[in-house]
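Next up: the structures, one after another.
Two complexes are shown next, each including chain A; its partner changes from chain B in the first to chain C in the second.
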Partner chain A sequence: MAFPRELYKALEDIVGKENISENIGVCETYRCVPSQSSAHYGPTKNWTPRPQAVILPGSAEEVQNIVKICNKYGVEFKASTTFWSTMGYIGGDFALQIDLRRMKSIKIDAKNMHAVVEPYAIAATVQAEAMKVGLNLNIPGVGCSSSTLANFSTWVAFGPNSISMGYGNENVLGMEWVLPDGEIVRTGSLASDDGWFCGEGPGPSLRGIFRGAFGAAGSAGVCTKIAVRLHPWPGPADFPTYGLAPAYKADWGPNFKCYTLCFPDWKSWARSIQYFYESDIAYSGHRQFNMFGRNLKGAMIEIISNHERQLTDLEELVNDPYIKEQTEKMRHDYQVVIAGFTPKDMEYKEKAVDYILEQTGGWKSEMMLEKDKHDYALLYLTRLGHKNLNYVMCGAYEGVLGLTGNVWKAIEVADEATALKRKWETEHTSIAATGGDSAMGCLSGLGGGGTTGWEFFTNFDSYDKNSVEGTYAFVETTQALMNKYAFGPDFCRWNSDVRKMNGYNYTQEEQNEMFKKAAQPWVFIYQYKIREAINPKNLCGSYVRTLDPKALEE
Partner chain B sequence: MESMKQNLVDIVGAANVIDNPEVLASYAKDESFATPMKPWFVVKVENAEQVQNLVNWARKSQTPLVPVSSGAPHFKGDTVPSVPQAVIVDLSGMKKILSISRQQRMCVIEPGVTYGELQEALAKEGMTLSTSLRPRANKSVLTSVLEVEPRLNCLHQFNYVEPLRCTEVTFGDGIQMFTGEAGGGPQDLKKQWELGKWQVHPGGPGTTDIVKMVTQAQGSMGIVTWASLKCELLPTVRKSYLVPAKKSTDLEDFVYKTIWGRVGDRLFVMNKAYLAYLMGDTVEQIAELKTILPNWVAPVSLSGDILLPELKVESQEYGLKEYAKQTGVHLLPEVPGVTADEVIEKASTPSGENYWKLTYKGGCQDIFFVTTLDKTPKFIEAMYELAIEVGYPTEDIGIYIQPQHMGTSVHLEFSLPYNPDNAREAKLVKELYTAASMRMSKLGAFFSRPYDIWSTIQLNKDAQYYMLLRKVKEIFDPDNIMNPGKLTIK
Partner chain C sequence: MALQDYRAMMERCSNCAGCKFIPFDKVKSLRFAENCPSIGYYNFMTYSARGRFQLSQSLLDGRAELDDTITNAIHACTSCGYCDIGCKITRYNLEPLEHNIEQKAYAVENGKVLEGQKPVIENLKKEHSMIPGTKKANRTDWAKDLGLKDVFKDKADVCFFAGCKYSYDPKLQKVAQNAVKLLQSAGVDVGYLGAADNCCAGRAHQMGFFADFKDRANANIKAFETAGVTTIVTPCSDCYHAFKRQYPKLGSNVKVLHIVEYIDQLIQEGKIKFTKTVPMTVTYHDPCHLGRLGEPYVPWDGKEKKIFNQIQIWEPRRPRYNGIYGIYDAPRNILNAIPGVTLVEMERIREYSWCCGAGAACNESNPEFSAWTAGERVTEAKATGADALVTACPWCKDNFVNAVDENGNKMEVLDIIELVQQAI
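The block that comes next holds the complex of A and B.
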């Protein structure tokens, strides 16, 4: 249903003609495949609904006025910026898509190590500005082209740096929110204009109603500005790189090393990770290149780190005896970046890594010590600017399984999960055969260690119906494995209870049915009550899981 | 009243319901200037089931509940009822350490566990817990972390509320639940441990950080009956230094640089009076220390545990010396009157039976808030100006600056010792406390833990935030039975 003229005019009056459009061609570009994973474009044939209009506000005040208009006319709205994944898109027919790309300021307080950012300040830009003053930030796995504000305030935000910097929730300081009812709330020290330095309180921390283990993905209003904690960067201020596109590399001198550490089995692998949790040695830690699959990663690393190589070289490289041997040695591996704040600090950290390897029977991958590969991996993990590689094999991918949490628990399932995927790879043609184990993810999803977060990359062809349907069927089997070991929803079904496969929001009745049998239904009741308090007209989609208390009484 | 008492007896047993006037009087006031209010009963609870029954009873009978886990003396007014006919819920008897996992570096404890008890148990497993500055001997660890008392090691404070992770909480509406990772179920700790779940991740459950509702809340949302805490490895090597300075500003660059360089596991700043109160065991010793200590001191400590500890300390020492050189300060193993090892040891361990802040004059009023290190000089200057105005001896003002949350902010604390038996002195300190709290607020102090008069001062600054806070309170405590009167604007 098209917007009534007076509604469109009211919105136009807020932002000006040039910042709003109801052109079908424009609105059509604000649609997305309705993946139910957290941040991928999974196997599906549907699309999210087309918004009735797209609007680009330039300030919190404009956002507030837009939201008030939406409340007046009962218009669903959702704000997004870099539009990575389905979460940022509207889920109803009478809906307004808010695009925050005009709001992109960055202000850094170098002494007190934080940056105040607007929605379209992407991580790459925040990082570049921070590095000028010796600082860096946690860039989540989604990559540096995504919005720092969106990641930290409304989703999860863990990545390679989280082991030394903490994940999104740990790094949020003051926040400015336009609530779904149009009121503006500022949390922490900001609530009293005292500054952006503290995110908690006064009293109970109300920012807890906007995000928990993960955020509300735009269903709790519009976050218009946040302060994020920055962390020390002992490298150069100008982030020098070398090499030819797309195989850029970095050499930041002797105080930076990127190692691929390898282990004889999962147990020694997990023990080594525990050592990293218990020390302050790792600047970054990620099992990165295994995303190409256990059998292909050596060959793929050769291809992506060498600008003269092509994907057509894959078969030749896979069969190359040296690469074959090196790939085999990297079966149980991960990458770590070690950064020295002083030469002595680097000396200690180098020796500590060697000590860990000695204690666990591990080794450093020789191939990854070659200068071009080392420098490529160092830049990759520090910048996370290569997200295109996620798609390079088949044009689409989905993360499945999701062995998150206790690393010791995860390894108990690793071989079975690998065998399951390998079996599917060899018995079906729907997903790429990469070697079964394609688990990738961060060493720690929490600052200082404690929980891991893997997903098994599953490559498929989104233009091939059989591949899409086969991949979907594969997920049925991985979910069964997840259930068997009490790991909860499969990674690619994290959002299956917040948006339907047809791209639309769930109704309250549908959510009631899902959540009334939960282990702790109270959580969803509290979320319902909070939504009622700040979003009485329920205008921001269904990404906040809610349970009407009346449904439980029934 | 008798029927009310019988209801309580039915829930916790006759031996655990106390209406002895002397005991009630002891809960009617604390060491702060909060208005005294005698409670109706004190009930000692032994488990979460009793807590839930008590909350449900309080809802029906509209009886205010005030949870208390630490032993006296209390200092902030949060355990003094703000309304009549309240029941004190004494959780100090819940003293179980429910689990210690060396592999996960986690422990789960009940509210009555003190720092001394927990550290002793953790040490057996080669672990320790980051601590607030020399807590009282009978201080509840759980209360300390729920109220977000600043930790000595800001560099491992990845989360603002570290080391707090998951909890079991009974909210004011009677619902009892697990928070954080534990909220994913099953709602049984033993079953979770069997599944390899150790209550590590604090976030959630879901899109809401439920644990944030009970932090800095002064018991006004619910009652926590266990909490999981992140532990550290017990250092095997330690080396400490004191960095003296004439002015606090002389230490600023050094502190910033040390935090940036991620050096050490203890770093804070004190003026001579505060350090004297911490280190002196008698009035005479304190008086002596106040005459010989440097004006300002930044204690800093380096430690190593299982991974090449000597080499780690050596490398950190190299960095520390570099930063000291760059910022023009000196690292000393001792200053007149105290050694660095003594300061670090004393700061890191619980107080003796006589709480150290009371040694000098028998009473003490603190003013503390959150700010940034570079803003501290203006608050310090204002405090001295006010002290002179009201006639409080400036040399008695203790000042403690504790970097927190990996250095993004600091806890700034002014400590004002006084003789509570001297009415004139008490009146003067109360006047200074009130005036200084208001002045600091105007200068930008953030009372993140708004006790007593700070509640009105802080919450008055933002009507929108306050309105939302009241809405949230209504969700979790619809009958307003949980410590009513706290976190309100009066």
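The block that comes next holds the complex of A and C.
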């Protein structure tokens, strides 16, 4: 249903003619097929609905006025930044897509070690500005191409640096938040006019309501500014790189090392990670290149770190005796970046790494110590500028077998999960056959250590109907294993109870049916009450799981 | 290829934002991190390579139509090709630039062109020049009194091809004349096509006017063959790209050099010697069609194949244009060789250089967008502290000369030949 003229005019008056469009072709480009952009939805060929208009506000005040108009006319709205994830798109027919592209300022407060950023400031730019003053930020696993504000305020935000810098919830210091009813709330110390320095006040925190552990995925109004904690960066201020595209590399001298550490089995692997938790010596820690799969990772590393290589070389490289041997040695592996703040500090950390290897029977991958591979991996993990290699093999992937939890718990499942995926790879052709184990993720999602964040990359072709459908069938099978080990909903299902397969929002009635059967329905009733308080007209989609208490009474 | 042939790419685009930013590894500031002029100016997703993939699906499926807004969105792309480089940092099987141009051709086939494009194409058809108002009869006026051989009458080692902009723009004709004199004084046996001199029509290709491009290109290829031309030297980056990347697809075997390659070579051979100091700090703008789009054409005929169930590869190995083999070092070698000149670099250089805004005739069809794009570059150039912005393309120079930075200030803009001339 098209917007009434007075509604469109009211929106146009806020941002000006050039920053709003209801052209069908323009609005069509603000739709997505979840199998193209994934982010844990599960493969589907359905498009999200077309918004009735797209609007590009330039300030928090404009956002506030837009939201007020939406409330007045009962228009669903959703704000997004880079639009990488399905969760950023609207899910109804009478809906306005808010594109926050025009809001991208970054203010660095070096003294108080934080950055105040607007929505479209992607992590690469925040990091570049922070590094100029010797600081850095946690770039979540999604990579530096994504919005820092979106990651930190509305989603999980753990990644390679989380082990030393913490995840999203640990890094948000203050927010400027346009509530779904149009009121602007400022949280933490900001709310008491003391600036952005502290998320816990003086002033109301509200962090739990706004983002909780996993974030409301853009369904609780619009966050227009946040302060994120910055962390010490001992590297060069201008981020020098070398090499030819696409295989850029970095050599920042002897105080930076990127090791691929390998272990004989999962137990020694887990023990080594525990040592890293205890020793606090890792700047970054990630099982990164295993996303290409246990059998292919050596060959893929050769391809992506060499500007002359292509996927066409993959079969030849997989069968290369040296690469084969090196790949085999990296069966149980992960990458760490060790950064020395002084030569002495580096010396200590190097010794500590060697001690951990000695204690666990581990070794450093020789192939990954070759200068070109080392320098490629160092740059990769520090900037996370190549994260979209996630898609390089097939054009789409889904994360399954999400082993997020205690590292010892995760390895209990690792072999069984590997066997399950490998079986599917050999018995079906719908997913890429990469060797079963394609688990990737951070050493710790929490600052200081404590919980892994693994997912098994399942690569499929979004252009191939059989591949999409076959992958869907595969992800149906992974949940049984997750249930067996009490890991909860699999990654590919994280968002399947908040948006329907056809791309539309769930109605309250549909959510009631789902959540009244939940083990702890009161959680969803609590969320319902919060939503009623801040979003009485329920205008932001169904990514906040809610249960009407009346439904439970029935 | 037709637009439908890009369907797999449309559906495999993962919306990673690589087409909108310089390679993420190269980001050094917020200010100069983005690298798609089209979405930079118009802001809607529609104007990015990602949006264009989405739009094509909607057009082919009949959900969207070629109305005025969409026609403008399709053509408001300078075909600068950065999206292609950014995409290929992490993807090996998408061709955003080819798709963008094919989308333009789809609009053209359906009669959807912009008003500002019409005089450009009409002039190409009628007067064989892509500058509206210029006449074929005056095309070689700039070459009078230079003693250039007509290659149809006398053989020459190299054929100088000035291109439309140097041929007609009174401010730039002198640069072309100096370029010829420079070659002559270095002992180069140089000629030109005389009355057969013509537009390369490379810009018509960038605009999606494929039939008009082919008409001119085939005529030129025939002229080269008839005159026995084996080597072309051109000071125009658009012509360079057309001859280097597009003409071989139509059967051309002529060797092509940009003037900066030739001058660099002559300096190294000691045939050009600088005698004067030019005390100046300059920054160099890599023209898109000399840099990332200046890579040599590699023929390929193959198909997609899947290995390991679903991994997509090309069989046989397909050339992958990453922009890295464009012409970047030659102009820098020249600048570094000029006594007194200090070269300082901008943040967006080489394969991830920012566009001047004149590509695909956007200076004619979308002048405000084009001027904004040029202004962005002038702002970046000024940020280096340079006294002048140097380039090696007349379209870039012209767009920069008329542009102002974000504070409304102009900057001195030089063709690299002008700087070389100052030192001799």
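By our rule, the second predicted complex is superposed on the first by the 542 of 554 C-alpha atoms of A that agree within 3 Å, B and C clash if a C-alpha of one lies under 4 Å from a C-alpha of the other, contacts with A are read in each partner's own complex, and residues count from 1 in each chain.
By definition in this document, contacts are C-beta pairs under 8 Å (C-beta built on N, C-alpha and C of every residue); 3 or more make two chains touch, one makes a residue touch a chain.
Keep in mind that this is a model prediction, so the values were computed, not measured.
Applying the stated contact rule after C-alpha superposition, one finds that A:447 touches chain B and leaves chain C untouched. Contacts of A:319 after superposition on the shared chain: neither chain B nor chain C is touched.
In the superposition on chain A, A:520 makes contact with chain B only, not with chain C.
Using the contact criterion defined above for the overlaid structures, shared-chain residue A:483 touches neither chain B nor chain C, since it reaches no partner.
In the superposed model, A:239 makes contact with chain C only, not with chain B. Judged by the touch definition given at the top, the superposed model places A:507 against neither chain B nor chain C.
No residue of chain A touches both chain B in one complex and chain C in the other.
Considering their complex, residues 7-8, 11-18, 21, 23-30, 33, 39, 43-46, 50-51, 54-55, 58-59, 63-65, 67, 69-70, 73, 85, 88-93, 306-318, 320, 322-324, 351-352 of chain C touch chain A. Across the interface of their complex, chain A is touched by residues 103-105, 148, 155-156, 158-161, 175, 177-178, 180-181, 183-187, 195-198, 200-201, 203-218, 220-221, 230, 233, 256, 259-263, 305-308, 311-312, 314-316, 318-319, 322, 370-374, 405-409, 441, 444-450, 455, 458-459, 461-462, 464-465, 468-469, 471-472, 475-476, 487 of chain B. Across the complex, chain A meets chain B through its residues 109, 111-114, 134, 165-166, 169-170, 173, 179, 183-189, 191-195, 197-209, 211-216, 219-220, 229, 231-232, 274-275, 277-281, 341-342, 344-345, 347-348, 351-352, 355-356, 405-406, 408-409, 412, 445-448, 450-451, 486, 488, 518-520, 522-527, 529-530, 533-534, 543-545. By the touch criterion stated above, chain A contacts chain C in their complex at residues 19, 21, 23-26, 28-33, 36-38, 50, 54, 56, 82-84, 99, 101-102, 104-106, 121-122, 124-129, 143-146, 238-239, 241, 244-246, 248, 250, 296, 307, 310-315, 379, 383-396, 425, 428-434, 459-464, 467.
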